[in-house]
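Common to both upcoming complexes is chain A, partnered first by chain B, then by chain C.
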Partner chain A sequence: MKKKLRSYILNTCAVAALYGLAMLLIGSGAVNNYYLGIMLSAGISIVMAVSLNLTTGLLGQLALGHAGFMGVGAYAAALLSIHIGVDAQYIFPLSLFFGGLVAAIFGLIIGIPALRLGGDYLAIITLGFGEILRVLIINLDFTGGARGLRGIPRVTDFTYVYIVVALVVAVMFALGRSRHGRAILSIREDPVAAEASGIPTTYYKIFAFTLASFFAGVAGGLYAHYIGVLNPKNFGFAKSIEYLVMVVLGGMGSITGAVGAATVLTVLPEALRQFSDYRMLVYSLLLIMMMLFRPTGLLGTREFSLTALADRLLRRKPQAPDFAALAGELPPAALTHRLGEPPAPGAPALLRATNLGIQFGGLKAVSGFDLALEQGEIVGLIGPNGAGKTTVFNLLTNVYLPTAGGIEMEGRNIVGLPTHAITQVGIARTFQNIRLFKNLSVLDNVKIAFHNQMQYTPLEGTLRLPRYWWEEKLADARAYQLLHVFDMEGLADKQARNLPYGQQRKLEIARALAANPKLLLLDEPAAGMNPTETQELLATIRRIRDTFGVAVLLIEHDMSLVMGLCERLVVLDYGQIIATGTPEEIKRDPKVIGAYLGQ
Partner chain B sequence: MRNRKLFAALLVAALAITALVPAALADTIKIGGLAPLTGEVAQYGIAVKEGVDLYIEQLNAAGGINGDQVEIIWYDEKGDETEAVNAYNRLVEEDKVSAIIGDVTSKPSLAVGDRAVEIGIPIITASSTNYFVTDGKPNYFRSCFLDPFQAGIMADFAKDQFGAAKVAVIYDNADDYSVGLAESFKAKAEANGQAVVAYEAGTASDVDFKAQLTNIAAQSPDVLYVAYYYGPAALIVSQAAEVGLNVPFLGCDGSNGIENVITDTALLENKFFYTDHFATDATTEKAVAFIASFTAKYGKAPYSAFNATGYDAALVLAEAIKNAGNTDYAAVVAALKATSVEGVTGKLTFDDHNDPIKSAFVMTFVGGKQTFVKQQNP
Partner chain C sequence: MIVLRQLINGLHVGSIYALIALGYTMVYGIVKLINFAHGDIIMVGSYVAMVLMAQAGLPFWAAMAASMALCGILGVTMERVAYKPLRSLPRINSLITAIGVSLLLQNTSQLIFSPNPQPFPTAFKVPPVSIGGLDIGFITLFTIVVSVGLMLALQAFVRATKMGKAMRAVSEDMGAAQLMGINVNTTVSVTFAIGSVLAAIGAVLYSSAYPSIAPTMGSLPGLKAFIAAVLGGIGVLPGAMLGGFIMGVAESLTKGFISSQLADAVVYGILIVVLLVKPSGILGRRTNEKV
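Coming up: the complex of A and B.
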């Protein structure tokens, strides 16, 4: 908190000082209209690049029509200023907001169908959008058609551009470091794992895309009121690619990278003006060399931090956050996980699957699967490869929609619920092939799964209102507590991708636990572990059950783990249950011996 | 440390000397040139630049303006408004030019004009035919005529030459130039009592206009006004023959060059008429001298009317500076207003709207070559 406060003060002072310096230079005439014009263009490009970075760098969705939203905002803001009948300088902020709003509405309309589909649909649809928009503007009368829209009051000045740039960058940082920002990042890293951690991925995709459209619309409003003439051709594919180049060059996902690249790429063509005919050649060459020698962009996914720079200059050592102290500050009640209350007599089973089945084409992958789980049970699901074990997990978490049968969680039908809602109901899972948010820290991996247990809104998060601080502090402390269970609290700052294999498996379990489940589904948790690690895991799983009161259903091939840990086993073969019972019973079951265990 | 101080001192000295140099060369009059020299519309920018450069070279050879040499500083704006504004700012703020020739296409001209009117710098375009470029800007002039002017001339020409009672129009609804031409042709034809029997739209990126041409043929007009640049116009003329539309075609200044791209030039022979600012077979003394000197400088004959309007723009501006006697913005603008010179495109004066009052040339093709038909006076 203290460290953050210091960082806020430092950055605010730097922003204010830069503004003061710029105004001084403009006022004294040291910066003439030529340099001012370039500064304004650069500012508008920064807003465009930073907002596109939200879609492309942070959300991980390729969008090829960002200039289209700029165009919508430009026309909307300009038309409002022209027709409202009030001197434009008094209502300029309103015009800008209106431009952003109309662009956001367009973003929503395009985002909903495109983002539900996932994959490259967004790229294709946004590509079409830019073209449709151009044709629309040309053919509508009130936009001025092909002749362009002229007579827009030129009220964009340095102060407006600077404020918008500062606000947009600040919002990006503030939002990025809130539960909503983590949700967006998790989608970039792995949408399946995000959904399984309880993130409503479609909602956040649309949220991020719409927000990016809003900012593009605001940038459009600034542009319109700067140039004074709008040309429908200026918001096409080529322009969108220009902004995409800025994001790629700056480093996908780096906000400060986008700021830097937008500035450089706006200033460069002007700086090269004396090379006349060759300037575009030099510009292209520089771009190509940049991509060859720094394919991840100037900053990669890193951020330039003024605080870190100040620390280095003052030779202060960055302090690792002290999680233990953090936990000590919080009331003990806040740290207690949901420990299951003993079920009331006659209450429905925790999980009940009845006659569950799924067909892929003509193939019955699973059929007639019956299973009842009680609170706190540890049950193993075993069987030969291809028997349908992971398919059962995918059915229970609704990655696949069953073609037969039903699933109830505490008496409530959960068939057809989206995966993230199933996580909220209390089923969390791990994956056979580890699916971590690889480029995020260990701590953030765990905190992403707290998403649904936190309540602050995007606005509260952006404005850093008290609820943000309280919930984030709580989340940090609980994440520490969870990591401690796995002896991983010392790794909280490490990138998940840099963990050794065994640690990655454990982190995935910690993340699943963070979603506060009543039932934990573990898909081959011991795969790739050596016997010592496996024994540790066995103890850990048992401890988790005892500490958190969760039921565990696990798929595993390691018989020492299964037999030592599980209270009950279910054996699958060819998609059907061939035996259930205690480990001792299963060991002696001739069908299981024949199909799986062997003599 | 001492070295650093010395270095700083040297730097300051160097800067001071640099600052003094322009003062020593004060006998040069600087004029800015704004044009797209690369990009989609570069051909127009280059055509203007060649005309302007030719005049400036001749002017300097003849002793400049009142003994001062003229330097022209060109900046490429790629046909983009933001680039045009940057280039304009650079000319005004960094290069401190006395006047500007430009811009070439309409929207960059509008963006630049909004700024130029604030400081009153004399500025003249050789090619922007959009009405609003000079509208409400007492310091913005042009040496080319307007879209309505040339389209109106063609409506009159259709009446006089062919006695056309039924006219048809094909235009590009995605292009401001084309829309402007089509609208004013239609208005003038209706004012002349001619019936506009077909008014068909396409876009410049179309390669097949047969649907529109079939509709037009069904109305059996007497002439077809083709409000397209030369590329699509060539396609339209060729495809009209295929759908059996056999009428005179009327074009605009943008049709210039059609004979180079059409597959069968026979289709144009005494059949395709267009307005232009200049005729390469013109016989006035000024025009003949222009053609000769242009050919001598560039190794090719003038190929675009913008060569001539560019030359005239520079001529008009230089005359105004000469008459004003100094480069004060207001004085030069006043002198421009009072312009009355014989340019290569004819005698030129300005109306209240800073548009030129001058004759237009109606051209056709004979033996595959551009041939002057008639000079239509305003």
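Coming up: the complex of A and C.
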């Protein structure tokens, strides 16, 4: 907190100082109107690049119509200023907000269908949107048609642009380092794992896209009141590409990178004006060279940090966060996970699957699957390769919608619930081929799964209200505690992708536990581990069950683990249960022996 | 009668879109890249043909062959220099490079030929053909016949030849295809070459229909052809043809009966409706990620 405070003060001072300096230069006449114009254009580009970075860099969705939202905002804000009948300079902030709002509504309307689909559809639909918009503006009367919208009061000045830039950048940083920002990043890293960690991915995709549209609309409002005349051609595909290039050159996902690239790419063409014949040629060559030789952009996903720079100048060593101390500060009650209440006699089973089945085309991958699990049980799901074990997991978490049968969690039907809701109800899982949020830290991987146990809203997070501090602190401490269970607390700030294989498997289990499940589904947790590691894992899983009171259903081929750990086994072959019982019974079952060895 | 006339016009421009769309869809199917520079190959093809016909006095056929050869070489070079090194990186990188290549081609041609539009020489001085009382321009007939022929030939090539099989394998799974001994680099190069050659043919036909060429002329047909590919189901060859014809006919009917201004809006509108109803396009397959 103290460290954060220092960083806030430092950044606020820098922003204020930069403003003071710029105003001094403008006031003294050192910056003439031509340079001022470039500065305003650069500011507007920064807002556009930073907001597009939210969609493309942080959320990981390619959008090719960002300038379209700018256009919507520009026209909306300009029309309000022209028609409201009050001197525009008094209501300018209102006009800007209105521009943003209308753009956000468009974003919502386009985002809802396009983002449900994923893949390249957002790119294609936004591209189509930009072009339709252009045609519509030309053909409508109140927009001034092809001649353009004229007579917009030119009230945009340096102060307005500067304030908007500072606000947008600050909001991006503040939001990015909150549970909502982590949710957005997790979708970029792995949408399937995000959903399984309890993140409502569709909601957050639409949220991020709508917010980006809002900022683009505000930038449009600034632009309209700076240039005075709007022409539909200025918001076409080429313009959208220009902003996309800024985001990619700055480094996708880097906010400061987007700021830098937007500034350079606005100033550079002006500086090259005397070579105007060749400047686009140089620009295109630079673009290609940049991608070939520095494909991550200028900053990659890193951020330029004033605090880190100051630390280096003052030779202060950056301190690693002291998680142990953090845990000590918190009341002990906050740290313990909900240990399951002992079930009341006659209560429904924790999980009950009845006659569960799924058919892919003509193939019955799983059929007639019955299973009842009680709290705190450890049950193994075994069977030869291709028996349908992982498919059962996918059915239980609704990655696949079953074509037959039902699933109840504590008596409640969960068939058809979205995966993130199933996680919330209490089923968390790991994946056969590890799915971590690879470019995020180990700590963030775990914290993402706390998402649903935190309550602060995006606004509280952005404004850094007390609930944000309290919940984040709690999450840090609990994440530390969970990592400690796996002896991984020392790795908290490492990138997940750099962990060795065994640690990655453990981190996935820690993440699943962080979602506070009642039932943990482990898909081949010992795959790729040596016998010593497997024995350690066995002890860990047992400890998890005893500490957290979760039931465990695990798929595993390592028989030493299965036989040593599971209290009950279910054997699957060709999608059907061929045997259930204790490990000893299963070992002697002729059908099981037949399935494994062939008859 | 007017409807029929507009339909034929639609087929004319639609078959050009289809030819260009094939290039988009083949490249997308194999390397999952939206090749934004594909439209500019149309521009290069048109300029090459124009220079050879108007200034070197070559006959139409020779100019077209030279244009095809040059565009094929350009396509392969583009892939080798600008896209291949980025194959293992996120797709957005190659997309940005493609935009860079597109700008490079446009600006180079602006330096050589000036930004002003230039006339494209008339290829055929043949009177219109009359079919059932309807006069159809020779170039219209020629375009439709050539395009449909090429599409069928391409379909046969991909279905029946060894290289075609390699292309299908690479588009299914590049890594696995490589392990089966398929030379992935050659296959991708051949794909770019075929796409670019088809674009060159499309370019000459397009410029014959709209005989004014400029350095940025490729963007619009390029964009529309791309949309045609998406509409039909990107990565699916018959889809690109179907998409191209739908686009052409819709555009032509809107121009003829509603408003020429709104033609583009109608086309994009159709695209959005199709994507909402069937996200993978008319003939596309939905692929599920394995979890």
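A few comments on the model shown:
The rule is simple: the second predicted complex is superposed on the first by the 596 of 599 C-alpha atoms of A that agree within 3 Å, B and C clash if a C-alpha of one lies under 4 Å from a C-alpha of the other, contacts with A are read in each partner's own complex, and residues count from 1 in each chain.
Here is the rule we go by: a contact is a pair of C-beta atoms (placed from the backbone, for glycine too) under 8 Å apart; a residue touches a chain by one contact, two chains touch by 3 or more.
Quantities reported herein were computed from a predicted structural model and do not represent experimental measurements.
Counting the residues of chain A that each partner touches, chain B and chain C differ, and the larger count belongs to C.
Residue contacts after overlaying the shared chain place A:R147 against chain B, while chain C stays out of touching range. Contact with chain B, but none with chain C, is seen for A:R273 once the two complexes are overlaid on the shared chain. Of the two partner chains placed by superposition, only chain B is touched by A:N32; chain C is not. Residue contacts after overlaying the shared chain place A:V229 against chain B, while chain C stays out of touching range. By the touch criterion defined above, A:T202 reaches neither chain B nor chain C.
By the touch criterion stated above, A:T534 is placed in contact with neither chain B nor chain C. Shared-chain residue A:N394: touches chain C; no touch with chain B.
Look at A:L117: by the touch rule set out above, it reaches chain C but stays clear of chain B.
By the touch criterion stated above, A:T462 is placed in contact with neither chain B nor chain C. Note: residues 135, 138-139, 277, 280 of chain A belong to the chain B contact set and to the chain C contact set alike, using the contact criterion stated above. Against chain B, in their complex, chain A makes its touches with residues 32-38, 41, 135, 138-139, 145-148, 150, 154, 227-229, 231, 234, 269-270, 273, 276-277, 279-280. Residue ranges of chain A in contact with chain C, taken from their complex: 56, 62, 113-114, 117, 120-121, 123-125, 127-129, 131-132, 135-136, 138-139, 192, 237, 241, 244-245, 248, 252, 277-278, 280-281, 283-285, 287-288, 291-292, 295, 390, 394, 399, 431.
Residues 34, 82, 85-86, 89-90, 92-97, 99-104, 106-108, 110-111, 219, 223, 227, 230, 259, 261-262, 264-265, 268-269, 271-272, 275-276, 279, 289, 291 of chain C are the ones touching chain A in the complex. By the touch rule above, chain B contacts chain A in their complex via residues 37-38, 74-76, 80-83, 85-87, 89-90, 92-94, 106-107, 110-111, 114, 130, 132, 173-176, 178-180.
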